[in-house]
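Below, each structure is written out as structure tokens.
Each of the next two complexes has chain A plus one more chain, namely chain B in the first and chain C in the second.
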Partner chain A sequence: MPLSKVGEKRFNVINNSVPRIDGVDKVTGKARYAADIYMEGMLYAGVLRSPYSSAKVVKINADKAREIEGVHAVVTCFDMPRRQSWATYMYLTDVIRYPGDCVAMAAAESKELVDEALAAIEVEYEELPGVYTIEEALAEGAPLVHEKYKNNIFTDSYYPIRKGDAEEAMKKADIVVEREYRTQYIEHSYIEPEACVCYINPNDGAMTVHSASQNPFFTRRYVADVLGVPMNRVRMIQETLGGTFGGKEEGAGLVAGRCAYLANLTKRPVKFVFSREDSFLESAKRHPFRFRYKAGLTKEGKIIAWIGEQVDNCGAYNNQTQFMNSRASIHSAGPYEIDNVKTDTYGVFTNNVHSGAMRGYSSPQIIWAQEQFIEELADACGMDELEFRRKNLLHDGALTATGWPIEHCVLREIMDYTAKETDYVRKHKEYKTQKNERKRRGIGLAVTHRGSGLGAESPDASGCMMICNEDGSVMINSGLAENGQGLKTAYAQIAAEALGVRYEDVKFFGTDTHSIPDCGMTVASRGTVMGAQSVRKTGEKLKGIMIQNALDIKAFPLEEIEKKYKLKAGSLSYDKLEVKDAELLNSEFFLKKYPEVKVPFKNVCNTCLWAGKQMAAFEWFMPEALNQDHHTGQGKAFPTFAYGCIVAEVEVDMKTGYVDVLKVTASHDVGTAINPALIKGQIYGGIVMGQGFAVTEDVITGKRGQKTKNFDSYIIPTAMDAPEMKINIFENDDPAGTYGAKSIGEPATEGVGAAIANAIFNATGRRIYENPADLETILLGHKLQ
Partner chain B sequence: MITYEYRRAESLEDAASVLEKYGDTARIVAGGTDIMVQIHEKDKRWENLKCLLDMTYLENELRYISEDSENVYIGPLSTHTDLENSEIIKKYLPFLGEASSTVGSPQIRNRGTIGGSIGNAFPASDPLPALVAADAVVVLYGLCGKRSILLKDLYEGKGKLALRRGEFIREFIVPKFPEGTVTGFSKLGRRKALAISRLNCAAALTFGEKGEITRARICPGCIFIVPDRVEKAEKLLIGEKPSEKLFYEAGRAVSDVMIERTGVRWSTEYKKPAVEEIVFRALAAAAGMEV
Partner chain C sequence: MERIKVSFTLNGKPCEVMTKPYSRLLDMLRDDLRLTGTKEGCGVGECGACTVILDGKAVTACLVPAPSVEGRNVVTIEGVGKEGKLDPIQEAVLKEHALQCGFCTPGFIMSAKALLDENPFATKEEIRRAISGNLCRCTGYEQLTTAIYEAAEELRKLNKTKI
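Showing the complex of A and B:
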């Protein structure tokens, strides 16, 4: 299938780089975040965390803390009735399962008093043995993190793929290669730490929560549960979010749950803002994986058998691994056509911070391992790595690992385009034979495919409410949330496109759980591709309603049209006009046959209000059902896939191990580019995040607690480190997503680490089996410690 | 939370008397780029902090870079940016300017001071190796008057300075190098900005008429408990002409001394080859050698 660039499709509002709705407010500092809220009589909250990774609280005495003037509440793990959230996470606990577990919390008139109160709480612990690595967790007789899970295996997170007969096919292979790869804990590193303000609304008594939450409905569930009240007694309003990347889900729920509990206890507004250390200790991390892959090849370089074990470290609690591993298993054989696949994916509990969603939901780790492995396979059969990929890549009609035929696939085209644009073949060959002992260049490539939306993991349904006001302005409301990705802007564009109004006339005011039903979570890069389907559907419905309204109120000046078009007087009549004869475009109505006479949208709206006409619509979108067999993983797993190819160029200091990422070229199939500028924004950020994952970022944790608690030791790339970036956006005729759009938030970062790892190999001849490729790993070939 | 009193020093004498009164429970704040972070982290060193003494209002007396025929004089409130941009430093101690330009980020360099960087006794300080390599003298001010000691002798142990009760850093006096001296600085961090040195090194070489090295100063950072030049490596260079081989030998001499002094540790496997390279690069940079 030939590649097509942005602009070849015909749209009015989408496909254009309109300015972000919230852009000016954010860059001028006008935007309000949850931490900015101040209320009269407000208290501040804080928590006391365990200094141990695995322990039991023997005794706790908070008397001294309670006596401090200005301290309004001190709650210990022994006096909170519902200390476990609706999920497994604990608000407070006497069983310490990881070094972020909290044993007490306090609310006081100042942050300083909160600190003082927490310091005055005396806690006696009994330290217990724990498990920290996948190996320790799986060892025979290992201490159990949760009694319920034998051998620390999180059985609910087990997903097998069984396609063909991999064991038998392996026996027939000419070449068999087996490797192990490992990845590390990654922090989201959003600029805004978790923050929340809770108060009881004096008018209706509802617990009102202003929170930095990625998924407002998800947070509401925590608050209603901890208070033991119905959901209609909790109102959650999302404040401007300073980044999330998957991080402000359970973390935001725990903050809001504790904050609401304290607000209810003290009957005062309570504000709870995490310090950066709190955020590092309690926010979920990207799952570290241990990958064991074994592939069987023919002499000619065709992969005929693939056996894999993907084990992830899910930390102490979990509400994510059981969903994430679905995606991990579906993608466990990469974007390759392999007839015989057998993979097993499961998580293990350890006494570390819980792992969760982090931009990619397993894909950065999987692609990092697989795309290195693919090159090792190419090498094993003496083939060029591009040729080897071409021979095995998915293509239209080929069956995925879940046995479903692929459609609209542009993997090979994207790879060839990107390789050519970057002069990959020449450089790759030339760099292999470098002799310089000090600095060496390298170029590396990775290809990616990503199931768009939630897929078979959970329902991908959503709703949208759209309201036209008397002045022709339009409001949209959806349960999906603006998390910094530009959702308000994209939704306003999609609504404008569907309804036929100008982009400037549409506003999405944000998410308030009292105003719209739960539309599922804003995760999995689903906001635009699937979530916006309900916006499109509502817009299209409302357009029909508004055109009918215009006809009903006789808004079209028929005499004027007759004159203008020199028609016989009286030849046009409302009796003969139907909705299909009229159009609404750019906030103007006109008759399709006579487009030169326009009727302003706002005039019609104004009349309709006083005529009592319906000027709003609500629609629900439910995608086609997907069905995968749980025992074999076979079936349709996603409505479609987004494809990408990343090429990274690096310079490696062979004497110190320093990796300088010089340039990254990112090519992505986005289906339809709703807003090309926002897509570029996603990709720029995704590249730098991928660079951090590949080269410097690592959260160190273990028996002695979590060592990495702030950005002094958690090394993210700075503006000085960011590479030169080249972006290619490709469109596609695939109709699955909203106006054909596919995911981009996560594709933007998922292949970058793999491309960098392959570039490092090209420069050094050394494979990175344990991420990240820090100074020591590059120079010594293994981690220090 | 650490609760402490804030005092603004009105004069040098006032500063000394506050320090005299509080002893170890007082701490000077200048730029605050280290101490404020440590207080925030509830660093155990400041558990008993009673007083934070703000010196910044003594800028007229303590922020300067000047020279006479013998020495360069640096006031301790000079910021890293001051050092980076100073014509005097560029002319006489270029490696100190370079080192200062690698500290943190522009914001940190605009606030952080040379006095703070040294007074904090931070072993990975970037300007420190250049000052030690240049045999800098530090002038201490106390109620009993001033005294001067070699900067390297100011360090007593890990993170500890040989300051008497009531004393603070009044000035750095750096003797000008002999004619024909060139300098170099190299640094290894984990990223290009806001990077604490994993390793660094300052080197100064004086050349004779025939292009032979007549005097050498090599001070590696981050590897010793107290900062020091490595005379064993310096001696290797005397009388020789610069070459890659020679500079690598000097690097190896430094790593030998590192192991002699601190033993083989878990990180030695990496630090040994890396420090050899960083020393090599500082020497090569000084000699203007392309690497």
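Showing the complex of A and C:
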């Protein structure tokens, strides 16, 4: 399938880099984030965390804290009736399962008083044995993090893939290669720490929550549960969100739950803002994985058998691994056509911080391991690594690991394009034989495929409300949320395209759980590709309604049209005109045959209001059902896949082990580019996040607690570290997503780490089996700690 | 609680604040003056979300004791742009789509402004250095660097017309 560049499709509003809807508010500092809210009589909240990773609270005494003037509430783990959230996470607990667990919380008139109150609480702990690594967790007789889960195996997160007969095929292989790879904990590092303000609305008594939440409805579930009230007694308003990347889900729920509990207890507004240390300790992390892959090859370089074990470290509590591992299993054999696949994916509990959703949802780890493994396989049969990939890549009609025929596949084309553009072959060969002792150059490549949307994980349904006002302005509302990615802008574009109005006339005012039904989570890069399907559907429906309205109120000046087009007087008549004869475009109506006579949208809206016409619509979008067998993983797992290829160029200092990422070229198949500038922003950001994953980022945690608590020890790339970046955006005729759009948020970052690791190998001849490729790993091949 | 008076110039106007003696400049701006465009991201001077301009230099307001600005000149994001018009740096950030979640954006604009006020001929390398104290997790800095570079060109044009 040939690659096509942006601009070959024909649209009015989408496919254009319109300015962000929220841009001016953000550059002037006026945009309001949850921590920016101040209220009369507002109290501040804080929590007391355990200094141990695994322990039990023997005694706790908060009397002194309660006596401090200005302290309005002190709640210990023994005073709170519903101390467990609706999921397994604890608001407060006497059983310490990881170093972020909280034993008490307080609300007081100032932040300083909160600190004073927490410091005055006396706690006696009994330290308990714990498990911190996957090996420790799985060891015979290991202490259990949860009694319910034997051997610490999170059974609900187990997903097998069984395609063909991998064990038999392995026996027939000419060459068998086996490797193990490991990844680390990664912190989302959104710059806005978690924040929330809760108060009881005096008008209807509902608990009102202003929160930095990725998924407002998800947060509402925590608040209604902790208060023991129906969901219609909790109103969650999403404030401008300062980044999330999958992070402000459970963590945001815990913050809001505690904050609402304290607001209800004190009957005062309460503000709870995390310090960066709080955020590092309690927010979810990207799952560390241990990958064991074994592949059987023919001597001609065809992979005939693939056996894999993918084990992830879930930490102490979890609400994500049982969904994430579905994706991890579906992608467990990479973007390759392999007849015999047997993989097992499961999580284990440990006494570390909980792992959760983070941009990629297992793919950055998986691709990092697989794309290195693929090169080791190529090497094992003495083949060039590009030729080896070409021989094995998925292509139209080939069956995925789940046994489904793939369509609209551009893997090979995108790889060849990117390799050519970067002069990959020549450089790769040249660097292999470089003589330089101190600084060595390397170039590396990775190919990616990503199931778009939620796939078989859960139904990708959503709803949208669209309202035309009397002045021709349009409001849209959807349960999906602006997280900084530009969803409001993309949705306004899609609404404008579907309804036929100008982009400037549409506003998406943000998410308020009192105004729209739960439309599922804003996750999995589904916002545009699937979530916006309901926006398109509603827009198209409302367009029909508004055209009918225009005909009903006789908005078209028929006499004028007849004159202008020199038609016989009286030849046009409303009796003969139907919806299909008229069009609404750029906020103007016209008759399709006589497009030169336009009727402003706002005039029609104004008349319609007074004529009592319907000027709003709500539509629900339900995608086609996917059918994947849970015992074998076989079946259709995703509506479609997005493809990518990343090439990274590095310079490694062989004396210090420092990896300088010089250049990254990223090519992505985005289906349809709704807003190319926003897509570029996603890709640039994804590259730099992938660089951090590959080279510097690592949350150190274990028996002695979590060492990494702020950006002084957790190193994310700065503007001086970021590489030179080249982006290629390709479109595709695949019709599965909204206007053909595919996911980009997660594809943008998932292949970068792998390309960098392969570039490091090209430079040094050393494989990275344990991420990140920090100084120790480069120089010693392992970590010192 | 005991409070002390701090007098200084804020966004071009004289300002007097009664604040807690141990307030950081960041607390005084946000909690006392409700100028919430200056954000707190880390509290240890690493992320740059609280960047303001103090006597012409970009500083992280979380590391500046509030009383130490007595008699000095502070500019925050609220003081950028004149007479309701956006500053060329803000315009360029919008034009280049150099923002996403926006939480770090005010800090970047302050660092960029401090640089361009001092050196209107800044190269891209100098721009990267000047904003390297500001962390952004969304944008990858590319569009920001371009935006600041373009803003510098625009500012030079504007200054020429003035002369």
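FYI, the second predicted complex is superposed on the first by the 785 of 785 C-alpha atoms of A that agree within 3 Å, B and C clash if a C-alpha of one lies under 4 Å from a C-alpha of the other, contacts with A are read in each partner's own complex, and residues count from 1 in each chain.
Methods note: contacts are C-beta pairs under 8 Å (C-beta built on N, C-alpha and C of every residue); 3 or more make two chains touch, one makes a residue touch a chain.
All values reported here derive from a predicted model rather than from experimental measurement.
Novice: Between chain B (first) and chain C (second), which, if any, makes contact with A:K26: first, second, both or neither?
Specialist: second
Novice: Could you say whether A:M689 touches chain B, chain C, both of them, or neither, answering first, second, both or neither?
Specialist: A:M689: touches chain C, not chain B.
Novice: Identify the partner contact of A:Y658: answer first if only chain B is touched, second if only chain C is, both if each is, neither if none is.
Specialist: In the superposed model, A:Y658 contacts chain B only, not chain C.
Novice: For A:M720, is the partner it touches chain B (first), chain C (second), both, or none of the two (neither)?
Specialist: Both partners, chain B and chain C.
Novice: Return the chain, chain B or chain C, that is in touch with more residues of chain A.
Specialist: When the residues of chain A touched by each partner are counted, C comes out ahead.
Novice: Between chain B (first) and chain C (second), which, if any, makes contact with A:D115: first, second, both or neither?
Specialist: In the superposition, A:D115 contacts chain B only.
Novice: Looking at the overlay, what does A:Y190 touch: chain B (first), chain C (second), both, or neither?
Specialist: After superposition on chain A, A:Y190 lies in contact with chain C alone.
Novice: Answer with first, second, both or neither: which of chain B and chain C does A:G486 touch in the superposed model?
Specialist: Only chain C is touched by A:G486; chain B is not.
Novice: Quick check for you: in the superposed arrangement, does A:T240 touch first (chain B), second (chain C), both or neither?
Specialist: The answer is second: A:T240 touches chain C but not chain B.
Novice: Can you give me the overlap between the chain B contact set and the chain C contact set on chain A?
Specialist: In chain A, residues 112, 710, 712, 718-720 are touched by chain B and also by chain C.
Novice: Going by the contact rule at the top, pick out the chain A residues touching chain C in the complex.
Specialist: Chain A residues touching chain C: 17, 19-20, 22-33, 35-36, 38, 110, 112, 188-193, 240-245, 273, 275-276, 483-486, 677-678, 680-681, 683-689, 710-712, 716, 718-720, 722, 725.
Novice: Flag every residue of chain B that touches chain A in the complex, lowest number first.
Specialist: Within the complex, chain B touches chain A at residues 1, 3, 37, 41, 105, 188, 190-196, 198, 266-267, 269-270, 273-274, 277-278, 291.
Novice: Once bound in the complex, which stretches of chain C touch chain A?
Specialist: Per the touch definition, chain C meets chain A at residues 1, 20, 30-31, 34-44, 46-47, 49, 76-78, 80-81, 86, 90, 93-106, 109, 127-129, 131-145.
Novice: For chain A, which residues are in contact with chain B within the complex?
Specialist: Listed in rising order, the residues of chain A that touch chain B are 112, 115-116, 119, 438, 655-658, 696, 710, 712, 715, 717-721, 774-776, 779-780, 784-785.
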